[in-house]
Amino acid sequence: MALLEVKDLTIRFGGLVAVDDLSFTMEEGQITSLIGPNGAGKTTVINLLTGFYTPNEGKVILDGEDITGFSTDQVVSKGLSRTFQNIRLFSNMSVEDNILIGMQHRIEYGSFLSLFPNPKKNEWERKAREEATAILERVDLSDYRYEKSTSLPYGKQRKLEIGRALVAKPKILLLDEPAAGMNPVEKKELSLFIRSLLNDVRGILLIEHDMKLVMDISDKIVVLNHGAKICEGVPEEVQNNPEVIEAYLGRKGVHHDVTGE
Amino acid sequence: MKKYLNSKNIIFLVIIVFMALAPLVTDPYQLRVLISCELNMIFAMSLNLLMGIGGTVSFGHAAFYGIGAYTTACLWYHLGWNYSTNFLFVILITGLAGLLLALPMSRITGRYVTVITLSFAEIVNLIIKNWDKVTLGQMGIVGIPNIDLFGFRFHSKTQFFYFTLIFVILTYILMNWLVDSKLGRNLQAMRDDSIAAEAMGIRLFPNKVIVFTISAIIAGIAGSLYAHLMTYVEPSTFNANLSFSCISIVVVGGLGNFAGTLIGSLFLTILPEYLRRFDFLFKYRMIAYGLVLVIVMWLNHSIPGLKLKQAFQALFGKILHRNRTEEEV
Amino acid sequence: MLLQILVNGISLGSIYALTAIGYSLIYSILQLINMSNAAVFLTSAVIFYALYTSLTGSSVLLTFILTLMAAGAIGYVIEVIAIRPIREKGDSNTYALISSIGVKTILEQICQGTFGSEIKQFPTLLDGKYIDLFGARTSAIQIIIILTTLFILGFMSWFTQNNRVGRGLRALSQNLNACHLMGMPVNTLIGVSFAVGSMLAAVSGVAYCMYLKSISISVGSAIGNKAFAATVLGGIGELKGAVVGGYILAIAESFVSGYYSMAASNFISFGILILVLIIRPTGIFGKKEQKKV
């Protein structure tokens, strides 16, 4: 059984069909990438999966459970966690607090018990901080624990965002253009890091512009154009698919732009 | 224990110790000013919870203060109840009012929050003014007795002062517990980036409702104490200017900084009283509230977490800095 | 009766509309609710009163022109002192909003300090002259107010459509940053729009007091809040919305006070406002905001 199954997903904004009858699957322990030219509808797919938008048609099945039309908080607790294209950290909170927000849905005391000290709250706070310590270690940010999140350098902010998503203990991690704004050295480091994340989660859905990165680390690639899937397969298949080349270049021919060399 | 020894808590302790000793040296008039200070502290802390932590600027917070004041006044006037029972109703009614104001918040964002909170306060004020049977309308309710707790009637302002001081302390501690908890963190996350907060699985609406309700209850308690301090209530007290003064106090002390709010309350309550002494300033003393807003916004507003210290730094540090760069050029 | 109510409503609506345009104009450019607008309304009326009684003798026109100039200057200065420093640091509009509340408090307190808190008689025009409009007793000042407003509205729409400054203002409301990059004098234009907003508030402030034939310190906040409600009702940031909202509120109010009671008429404007915000939060002409993820 596939870890995530997307079936005939469609959403329309007014007259515009932003995602058109999209189907694909994600397998356990793999990195699946969603690529496509600007405006192909990639981020819209993430917004559909995470409950920011409700699809007009179609289904999203996560680990055998239908989560179509679930609200964002339900989706998070079912095991989908995301990062954002343009980093969205909680700018006036510390690095640690950002991490703690990531795990808030697993902290089992409610608003009333928040108001005064009590055993349940104390116990959970202790546990939460322990987990935060572990995650900060994992994303290599232990030294920055009490710093303001926006005071971190760019690359570390990315990692913090990933840490914040990881601490939610998701089944699937959705990374929306994690390499945006990075130089080649940083990208190299990032691709190793993303690969290593498969130890923490059961699957990764990657949306990325950088072809080299995508071709390097993906197990499977889904190509979108104008909201519809034009190709799906392992990197080699996708690279040689004429339709993909056309979508990227507008005409047949030049090959190396797609391969990223 | 060490984690409680930060600069804010030390400021808090110093203020409380000074306040607690103050009645030994003050005359009745000064004591009255200090009680106003305490009420402003509670009131402004409740607004700071909403503004600094919740990220919602309420322009009608006076409504809750007014509802609190009128609840206890009306219960005393019509039913003859004492403060111990009234207190429960103050909590209940102001809590409901907060809930009511929070309901439209599910549909609106940004600019409409300003609109809704302003209109809410305006409507509450109109109701108080016109519901003659209950609130006695424009005349107001007079002769409200000093606080009566389970048959023990306070007979001096000094007792009232210490009773209110307990509320200041409790409010401050509650705020600190709240901020350092799941609820407090979620609220701050919503304040910083509501979309990211949603993506992390925070349900915005229930959190908004809770913070509005808590804030309203605390403001209402301050209002109920006000009614017993002044011994009368009238509608014009609880107008938009009261809400704006409260915003001034919060802004001076720093958004999200509760110790700062205490300093802000002392500063902005005592300064106008002090200015009364000067004939030429007497008529203009309330300008302080406005000036402070413009100046603080002008100097430093890289908040939330604007601190008084930073404001001073901005004041003196900035000027030095500017000179230096001019020399370099 | 019906016609009489309508005439009263339209004259009051004119006053709301003029003030409401001030709110909308600034909002359309800066997305800032400029709370000082109501205080400028009051300040202008006080300035008019002070000039009329002490300096200019009995020339209403001269006093009026001087008041307009003063209001324009006040608007420009407010922008320079209280809004610009915050704007240029690129901070959230909430801080500019708080700063504008500061300005409002300062202006109101100055007015209260100099003017006092009693109600005083305000000069008016053509006192006691009435025209019978199909049975509706229409005072001369009502006609003057309505005609002046129509003239100003016409002028404003011509101004924003066809004039160089007007085009600049429209461009600003589309994209402030782009205007900056294009080398437009953004600061001057924003200053001018504050001046224009303040002058409109001045016209309505003076007109309202002439209509009442009296002035007191509370006129500013009373009309300011209603005008603000009108702005939101019409869709904040939309100039035509401000006008339509102003007239709707005022006519509804005069109907309720005509057929029911004065007290209820105060409720009606905020009742309508809350209702609109629940049913259609963007107001009548407002555009819907798309949630951006």
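The first chain written gets the first letter, and so on, giving A, B and C; residue counts start at 1 in each chain.
Following the convention adopted for this analysis, a contact is a pair of C-beta atoms (placed from the backbone, for glycine too) under 8 Å apart; a residue touches a chain by one contact, two chains touch by 3 or more.
Keep in mind it's a predicted model, so treat the numbers as computed, not measured.
When chain pairs are compared by contacting C-beta pairs, B-C ranks highest.
Relative to the centroid of all protein Cα atoms, the closest per-chain Cα centroid is that of B.
With chains reduced to the mean position of their C-alpha atoms, the one farthest from chain B is A.
In whole angstrom, the spacing between the mean C-alpha positions of chain B and chain C is 30. Inter-chain spacing, taken between the CA centroids of chain A and chain C, is 49 Å. Rounded to a whole number, the gap between the C-alpha centres of chain A and chain B is 42 angstrom. Residue positions 195, 303 of chain B each touch two or more of the other chains.
Counting partners per residue, chain A has 52, 84 as the residues that reach two or more other chains. Touching of two or more other chains is recorded for residues 291, 293 of chain C. Contact residues on chain B toward chain A in their complex (touch as defined above): 174, 177-178, 181-186, 188-189, 191-193, 195-203, 206-207, 210, 214, 256, 303-305. Interface of chain A with chain B (complex): residues 50, 52, 71-73, 75-77, 82, 84, 88-93, 97, 100-102, 104-105, 107, 109-111, 114-117, 121, 124-125, 164, 168.
For chain C in complex with chain B, the touching residues are 27, 31, 33, 81-82, 85-86, 89, 91, 94-99, 101-110, 112-114, 221, 225, 228-229, 232, 236, 263, 266-267, 270-271, 273-274, 277-278, 281, 289, 291-293. Against chain C, in their complex, chain B makes its touches with residues 57, 59, 104, 107-109, 111-112, 114-116, 118-119, 122-123, 126, 129-130, 195, 239-241, 244, 247-248, 251, 283-284, 286-287, 289-295, 297-298, 301-303.
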